[in-house]
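The two complexes that follow have chain A in common; it is paired with chain B in the first and with chain C in the second.
Let's look at the complex of A and B:
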């Protein structure tokens, strides 16, 4: 029973961008296909078309020669196309079984039997009667997969499934996917992670700016060749020089605790670490383990005990972000659009958000627009922001350019310490490279960085020391050379 | 074929054009309504928009109505620009009037230059006090300021009702629901003999200038703007976001309170049940029609003020119900919101492909 899925001349145009430009692809069961591309390359649009969420402007989908009309996700389900989205569609407060029965037409008893068989067959162990909110990300994903398997799909599409998983959960997932493939389910795996493509897939289709760039077999490719196809240019690989051993301590965190009133926040427990000048401390972890709270405590958005943070021989735990900036700290938060910058405001107005006294943006309570504009122009040219109009609203900058602007804004005061949180999240490879180079340069100038990131590769590339945060606790601090991504994965999962 | 395409960047020209378009569409639709009702559309529109302001008296009346609208809308613009949806300006106006009226009654039968400033100040403080309720509830208890500020309007009107019927009613007033007339020292001076336009207009003009300066030129204004767009960003930049919210409510309350003072110490001269023909609500339309910009608000307040006058003239001369004034106000807001669609989308005419 072979499954053949054909995408023929699919085009989808959004205002201002062609998301899919005449894309044709063919898939056959028995193989695992990778759909590779940067953010915004059009791969998500393509799978949304396959799963009936989006209706294409032109083109057809054929499953075993039948022309499918996919007008809703329900149509896709009826036609045996299963889809696991990057963000889970589960009701947190309902039990696993309740979540599964919602969109099933089967009787309770027979459904339960069916789920049990599936779980036995693929070695899943999930308690069906506990609420979903008690599951780990990996388990939640399994619930989503079971939801698809109940309908015995011919095609299973996985959209960036590993972004929330630990290393261990990822390898478990890969084993299951391989098993599904052996049983004749056609697997389409969407990702921008090259390593995963090499590990898992048989064939790879690369998309760039809405167009299909290449289709090839994995055995003819390697990571560099795929990366170049994905980005469309030859990338130089950057390497960090080993830091000079410095023993000049810059910041020291002692017995720092934070207890939140918000049940959706993570409490921080007994955080201790220190960073020397010229060093980069990486903090790894799966998102939601206290990174955001740690960032806020370090930036002063959350005030803590005065003596818990010692910076440059001053106790600053009770100071506001603005006061901390005066001590030469700088901050680049995770959320570019909702926190680090205001998209509706002009570029130069966003620059004024980092109000450092000596930059004289505001004199006697009045705005000094000339000074701000002068400063903004300098940032734009020094940090390669791709525009020359500082009056432009920042919403019209791409993610990469906006991030360059933010990092530039923070660095132009030449701070002693930059604290950044997921600085390259969602950026294209070119911008990521630029940001990484900038961060390395800071270290070379004997300035320090605290890099909180969920991207293990980034951490290994940039850090001198690494620690892992899990449920609000930091692991012991390790030298980056002694750490492997496997080891980080184990610590991120909470084991010792 | 017509296709609607999203604009890459909202057009600046359209930003100022849509209010004009909205007014034009309101006139067209208004004419149509008059026609359906059996009036001659052009004649009716003439009675509505031209006759009332054709003479000196009419023009003074226009400024008289525009003054509170402008004042309140200026205050509201601080709230709206920072995403605080204070729609209870009518309540703040009423409460400001109550407090300043109370103070004015205290000085009953007294003379002195110091009385009027105290009365005016009392009105501003009253408005601020009343606006602080939704502000504090919003910042510390996460309540919705739309609901709270709206409901407080009715509370303030009932308080006023109680006062003018009960404790504050004029002992020589034959049980009419009104207070004594204020002394002349507690009244805003008239600007011209025989016209009702009073010194309150200077309060409005001062508010225009000050608000422009604060919002566009000062660090405080910048912080308000940032806090309005995103409290998270304000926190990150180190601003006191919650204080900003309370501050914009206080500004807005003070302006509404001053508008209340202007009414009772100006044309009315006492407190009674109906001190405001819903100026506080209509000012919301004015604020948006004026694009939340001080200069825009001046023009918008004049335009909307005509609808008040026009409704009266049209009723007198053509027996058109005066509630058409409210219909016109509603239409302006409706067409403004509708034409704002053009800010973000453009209509393209494409020849059909064959």
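Let's look at the complex of A and C:
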């Protein structure tokens, strides 16, 4: 039985942005299709239209010649279109089984049997009776996939499925997807990772700024040709020059522990490392393995024992973030709009938040607005933030511009150490390149970086030394030249 | 001194009776909150229920119309809240506070003509069995139908949330309205239904006060019970059975401190009056200490507006 899915002249316009501009595509079962594009290219909008979450302004969807009216996710399900979202659509506090039964019409027993059969067939092993919050990201994804399979879908859409997976989990996923495809399920795979497209897919459609740029067979493409189509220009590749060996120690972490009350958090166990001047230490790991706790402990959001952190020959473990800033540390947290900046406040107000003694932003308790604005303008021009209005609310900056502003704000004090957590998360290729160049420059000025990131390629590109965090424990610290992404993947999965 | 064993039974029964409005309002609010909606208007909905019940009873003479009318009044006033918070996406906290102020005001206005009118006797069940069994007789028998319903409600609520499909959907909506919406659940509809149910239970709790517990209308007669009901929901960590325990402790201490005042125990009155509030909260905090369980039973989206974008 063949499945044919046709998207015909779909357009979706948001205020100020055309998310999908007259997109037409055709898919047939038996093949795995890639939908490739940068963030904001419109691929997520397109698949949300396919899954009924978003209703298009114009255009039609045909499944086996039938014109589908997809007004809600329920309509998509009824028409055998299954979707695994990038941000999981699971209920964290409910058990796995409750998550699965909630949108099924079957009886408990028969559903359980069905799930067991699916799990056996595809070699999944998940405890159905524990709450979802106890599962790893890879297991959560499997729950989402099972949820789709229960309905024996004709079409399965995967939206950026590997962003939270290890290399090993990714290859397991690819095996499953190939199996599904052989069984006649039409697979649409959304990603911005070129390697995966080459590895997995048969055909690739590239989107850029809401428009469909090209449709081609994988065998006629290579990574460079796809990259150029995706970005629309030729990209230069950045390479870090090998750092001179420095033995001047800047920060030393000794026997650092953190035990959390919150079951959602990870405990840190016996963290030991040191970073020399001019060095970049990369910390790899799958998200949720203690990175955010480690960042908070290093930045002073969580206070630890005084002697556990030694910075520039001072013990600073019990100091607050602001006090640490006075010692010339700087921080760029993961969540730009929640932790690094206040979205409703203007750009220059956000700059003033990073208040340090020498800044003179405040005189006798009064705000020195001119000084702050002058300073903000300098950041905007020095760090290439694409706006000239410092009165703009921060929430209206794109992710890339906001990240540049934050890094600029942190660096203007010329700190000795910058700690960043997923600095390029969710950014487009151009902005990523700029941030990477900036980080390399910092190292060249003999300043240090601790880079906590879930992006292995980024870590390999920027780090001098690399360690892997797994369940709150750090692996031994390795020289970056001796490490491959495969080896990191194994360590990220918890093996030795 | 020989204490009549039936007297102890009567005290326990009076403690249970004073717990009834708390149990009703808390169990209603629990369902509302489990769907992710924080309705601080419980006190207002209760007092509206109280005056509506009493007024309808006086005017129509029918207890059945009065009881169901009070619940309907609770539903109507909570519809205002639902429309504001779910359709117009207003802030839950501010809207709930406004609802309470509105309820107290309007009930006083309606109630002007009903002050001083005596209530009607509410029929009790199993009156005859009361004297047959010592101690247990007065506890178990001779109460109104609302009383029995209130003591069944925590168990029904618990079963509903844990075992039924609709209960699961309510919990799912409270956990993540975004996911629920993407799964094709009509979040707004579920939340509307839960708010209206909460309103009905608060209305019933109010009617119990003005028609059964102290059958008369006094301005502001709920006297903060709505707030206690709200506190019970939170401190019980959204567990209906713990609400029952909390309501009993609160009711118990309220009754006992009355008796202590009456006997003339030399403890400052203010301290005695504060005792039920303090002890109830301490006990519930102690029995709900497991932070993991709290995390699992707290509706993650509580009090956050959900707006589906297209």
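We take it that the second predicted complex is superposed on the first by the 474 of 496 C-alpha atoms of A that agree within 3 Å, B and C clash if a C-alpha of one lies under 4 Å from a C-alpha of the other, contacts with A are read in each partner's own complex, and residues count from 1 in each chain.
By definition in this document, a residue touches a chain if its C-beta (ideal position, glycine included) is under 8 Å from a C-beta of that chain, and two chains touch if they have at least 3 such contacts.
Owing to the predicted nature of the structure, the values given are computational and were not obtained by experimental measurement.
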item: Which superposed partner A:396 touches (first chain B, second chain C, both, neither); value: first
item: Which superposed partner A:323 touches (first chain B, second chain C, both, neither); value: first
item: Which of chain B and chain C A:89 touches, first, second, both or neither; value: second
item: Chain B versus chain C as contact partner of A:338, first or second or both or neither; value: first
item: Which of chain B and chain C A:126 touches, first, second, both or neither; value: neither
item: Touched partner set for A:301, first chain B, second chain C, both or neither; value: first
item: Intersection of chain A interface sets (partners chain B, chain C); value: none
item: Complex contacts: residues of chain A adjacent to chain C; value: 51-55, 72-74, 77, 85, 88-94, 98, 101-103, 131, 133, 261-264
item: Residues of chain A touching chain B in the complex; value: 15-16, 299-301, 320-323, 325, 331, 333, 335, 338-342, 344-345, 349, 352-355, 362, 365-367, 393, 396
item: Residue numbers on chain B that touch chain A, as the complex places them; value: 5-6, 8-9, 216-222, 225-226, 229-230, 232-233, 235-239
item: For the chain C and chain A complex, residues of the former touching the latter; value: 165, 168-169, 171-172, 175-176, 178-185, 291-292, 295-298, 300, 310
